[in-house]
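Heads up, the next two complexes both have subunit A, just with different partners, subunit B and then subunit C.
Right, the complex of A and B next:
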């Protein structure tokens, strides 16, 4: 019963994202929405990583570091070594995951505000490293990264060359949406698996979990590595869409925003990051017409939201349904 | 070498004051005040307006900076943090609120004062010269004022009734309440005091480095680093962290000059290594 419902929900969301929305955009002629929605999809993937670290009871303000790292890994591999973009995607994610294991082993011992502050510093370290390392080309960054190329197996074109398409925006949109759906299906599975339940025990009480035989050190490194994988993955796609990456592409402000996305969607809901990212990104865009007052109104709305709904937007729903994880 | 040490001490005194405010707020309410850097900037702009534009005495400007920020801090605590802390399921929600307040202050500062870098006339002219040290008089004055303020703050926390109440609150909120401490009132005073310190440092430093609307975030990051070095929520730790960071910056800028702009990279990496050995800083209490 549950499985059938899940499958129907998944199919419905795929139809909505891949058929209904492109059709609507075509009909209204607002092609710029593709770029906005692509960004929302990618940012929600990156935010999903932050959400996972929240899930093990850590406040992660360092996701910008991994997004930046992933973007640079993909950009360097494509421009210097002529790798196919599609190959660099998993490589960027894996590179970030490996780096996060090295970084995470010491810093995951920290908790609460200490972890939050050290990850914030990590974002700044990544930016400074990107400025200082020779391979990242300093403040000038890496520009004119080629669009993703074609993927062919036995002469059969699986993915066309993005540069030859008449509408690469649509292609990027489809790619981002598929990645987002895969990411959140994976997250949903993960949270409802054995590991997910164990992660929740970390959130509640690490000592207790450890005393009944949960290997907390391994578990939190795994969760952090998955989180960083998502960060690097999203960052790599971003670099390819904007065809450039600079040390300032992902800064402390972005890291804070990823965290806000999770907060706003609600920390106990797997799909919270999608909603949070959507609301924050579109809210910011809509307020653009207010000119100088954009930031003022935006922050006032944020504060008001916090006062009215301190537990996130998803907490509005009265009934507990599938997406929610009981606290 | 003496020059480097003197510079480090001067920087450290400023930094310690910033960190003291942040650590006080954290100790009392378990809130990581993201808006601390923005409060510093606001204080700087108040002094700029009163001392730089209206040509009133510097001391008056400094007092106004402190008072403005104390009011802002008390307001934030009473109307924003208190209801959110009461109603949210997780402590971390206050971080979102603090970040939103940081955005709000950024926006207000930008609208009121524009994005230009602002400076004010020197408070005292002239430079102190000796065989090994060159130090402008205004920096000496600012450094001495900062050190006097740190000493006053420590004495106040140690011996006044309010200070004792706040220390009790930081140690154990429930126990303090049971002993008859008015928790809500002292939380508000503590928040106001922390914000006031940020404002006063902003007012002091505007005479030397000037002020601009964009530096709030970087100041917050520096404050976080100092608090991490010393340990969150400990007065002594904040002072130590401030002086250590000031010294490292001063030494780094001299020693590492030939390698380019990597001082902060080195400091960050050192901090990471240090924290992996001592997760709670020099004298911090463990979390939870």
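Right, the complex of A and C next:
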């Protein structure tokens, strides 16, 4: 029964995302919304990675580093070595995952604010590396990245060349939404399987977890690698959409935003990053008319939200429909 | 009865302080052995040394002839030497049942990927863990509160939950950290019964404890520490009659050591 309900929910969200929203956008003629919603979908994938590190009890303010890394890996492979974008997508994720294992092994031993501070520095290190390395082309970045090409198997076109499309924005939107759905179906499965149990045991008490035989060092690294994979994956798609990548494409501010997306949605809800990213992205845009006061008002609202709803926006829905969630 | 655990010449130094000094003893299969001693005698350090939470400065602990000192705690647990904690160390935000289910980790046959994709083996594992958790909860008298969030449990039950978590790992030796501390007479009686029950399940019990009367009733043998050194070892009767032990506890009321 649980499975049937999940399948219905999945089908409903696919219809909403892939049929209803594009239809609404066509009808209203607001084609710019494609770009906005694509960004929200991609940012929520990157934030999902941060959410996963929260889930094992680590505050991660370094996701921007992996998004940047993923963007560069894809851009370099496409422009220098002529790889298909579709192949660079998993490669960018895997490259970031491998890098995160090397970085994670020493730093995941830290907890609390110490881990947070080291990750905060990571984004800045990534930016400086991008400035200094020869392959990243310094401050000029990599520009004019070609749009994703076609994928053909036995002469059958599975994915058309984005450059030949009338509306590449819609194509990017569909790609981002499918990626987001896949990502969150995977996350949902992860959290609701025994792995979720183990991650929680890590989050709540690492000592006890190791006493019951959990290899905490290994589990931490696995979770961090998945997290960084998502960061690199999202970053690669971003580079392809904007057809460019610069050292400043993802900065410390972005890393902080990825974390805020998780906070805002709720750290105990696996779909929190989607809601958090959506609200944060549109909330910021709505406040645009306040001009100089945009950031001030935005910050005040955020602080107020965290005080009133420390468990995130999702806690609002749950406390109404299912009674107070036990704490 | 053969030895399951052998502690030999175990020493732990913290800077200039020698917390445990040249301690040797062995634990026999399926016995209840208690380590006692005045405050600061090095009991806790010894406890951590045996469960591999701390690496000894010198000496070693062998489990069934295999050296476990220097292993990570999860590796020692995998071999079968599992410790419990005092009551605050539980998975606070999980339900009581989930605490015990989570602790079945060492019994899983499926891999992490197997659990992710929900393979048949993984589903069998999960079913089995649920059944076994219910059995352990019933055994410890916790089944009525299985759905409670663990942090809401009263003290006595928290301690039982700690033992439940330990049992879920299917240990050969379980190390209990002051299982009777802070309990009144009646609660202690119940806890003593539980510890006996644990031994009847075929688990060897090593416990560190302050509560003398309880230790005297429950233990097969007792090891006494003072200033980090072993000063006596023997049956409860031998310990009661040992002049060195009496001296170590000098100033302590006679009743409190059960004389």
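Here, the second predicted complex is superposed on the first by the 317 of 327 C-alpha atoms of A that agree within 3 Å, B and C clash if a C-alpha of one lies under 4 Å from a C-alpha of the other, contacts with A are read in each partner's own complex, and residues count from 1 in each chain.
Note that a residue touches a chain if its C-beta (ideal position, glycine included) is under 8 Å from a C-beta of that chain, and two chains touch if they have at least 3 such contacts.
Everything numeric in this text was worked out from a predicted model, so none of it was measured.
Trainee: Sticking to the clash and touch definitions up top, decide whether subunit B and subunit C on subunit A clash or fit.
Mentor: fit
Trainee: Touch check for A:310: first (subunit B), second (subunit C), both, or neither?
Mentor: first
Trainee: Tell me the contact category for A:98 with respect to subunit B and subunit C: first, second, both or neither.
Mentor: Neither partner.
Trainee: Could you tell me if A:109 is touching subunit B, subunit C, both of them or neither one (first, second, both, neither)?
Mentor: first
Trainee: So, does A:211 touch the first partner subunit B, the second partner subunit C, both, or neither?
Mentor: It touches subunit C, and subunit B stays clear.
Trainee: First (subunit B), second (subunit C), both or neither: which does A:194 touch?
Mentor: second
Trainee: Between subunit B and subunit C, point out the one touching more subunit A residues.
Mentor: Result: the larger residue contact count on subunit A belongs to B.
Trainee: Using the touch definition from the top, say if A:259 reaches subunit B (first), subunit C (second), both or neither.
Mentor: first
Trainee: Once you lay one complex on the other using chain A, what is the shortest C-alpha distance from subunit B to subunit C, in Å?
Mentor: It comes out at 10 Å between the closest C-alpha atoms.
Trainee: Across the two complexes, what residues of subunit A are contacted by subunit B and by subunit C?
Mentor: In subunit A, positions 327 sit in both the subunit B and subunit C interfaces.
Trainee: If we count contacts the way the header does, which residues on subunit A are in touch with subunit B in the complex?
Mentor: Spelled out, the residues of subunit A in touch with subunit B are 54, 59, 103, 106-107, 109-114, 116-118, 120-122, 124-125, 128-129, 131-132, 252-253, 256, 259-260, 263-264, 267-268, 292-293, 295-296, 298-300, 302-303, 306-307, 310-311, 327.
Trainee: How about subunit B: which of its residues touch subunit A in the complex?
Mentor: Against subunit A, subunit B makes touches at 26, 30, 32, 34, 80, 83-84, 87-93, 95-97, 99-101, 103-104, 106-108, 110-111, 217, 221, 224-225, 227-228, 232, 260-262, 264-265, 268-269, 271-272, 275-276, 279-281, 284, 286-288.
Trainee: What does subunit C use to touch subunit A in their complex?
Mentor: 51, 53, 72-74, 77-78, 82-85, 89-94, 98, 101-103, 105-106, 108, 112, 115-116, 118, 122, 125-126, 149, 165-166, 168-169
Trainee: Within the complex, which stretch of subunit A touches subunit C?
Mentor: Touching subunit C: residues 189-190, 193-195, 197-198, 200-201, 204-205, 207-208, 210-217, 222, 326-327 of subunit A.
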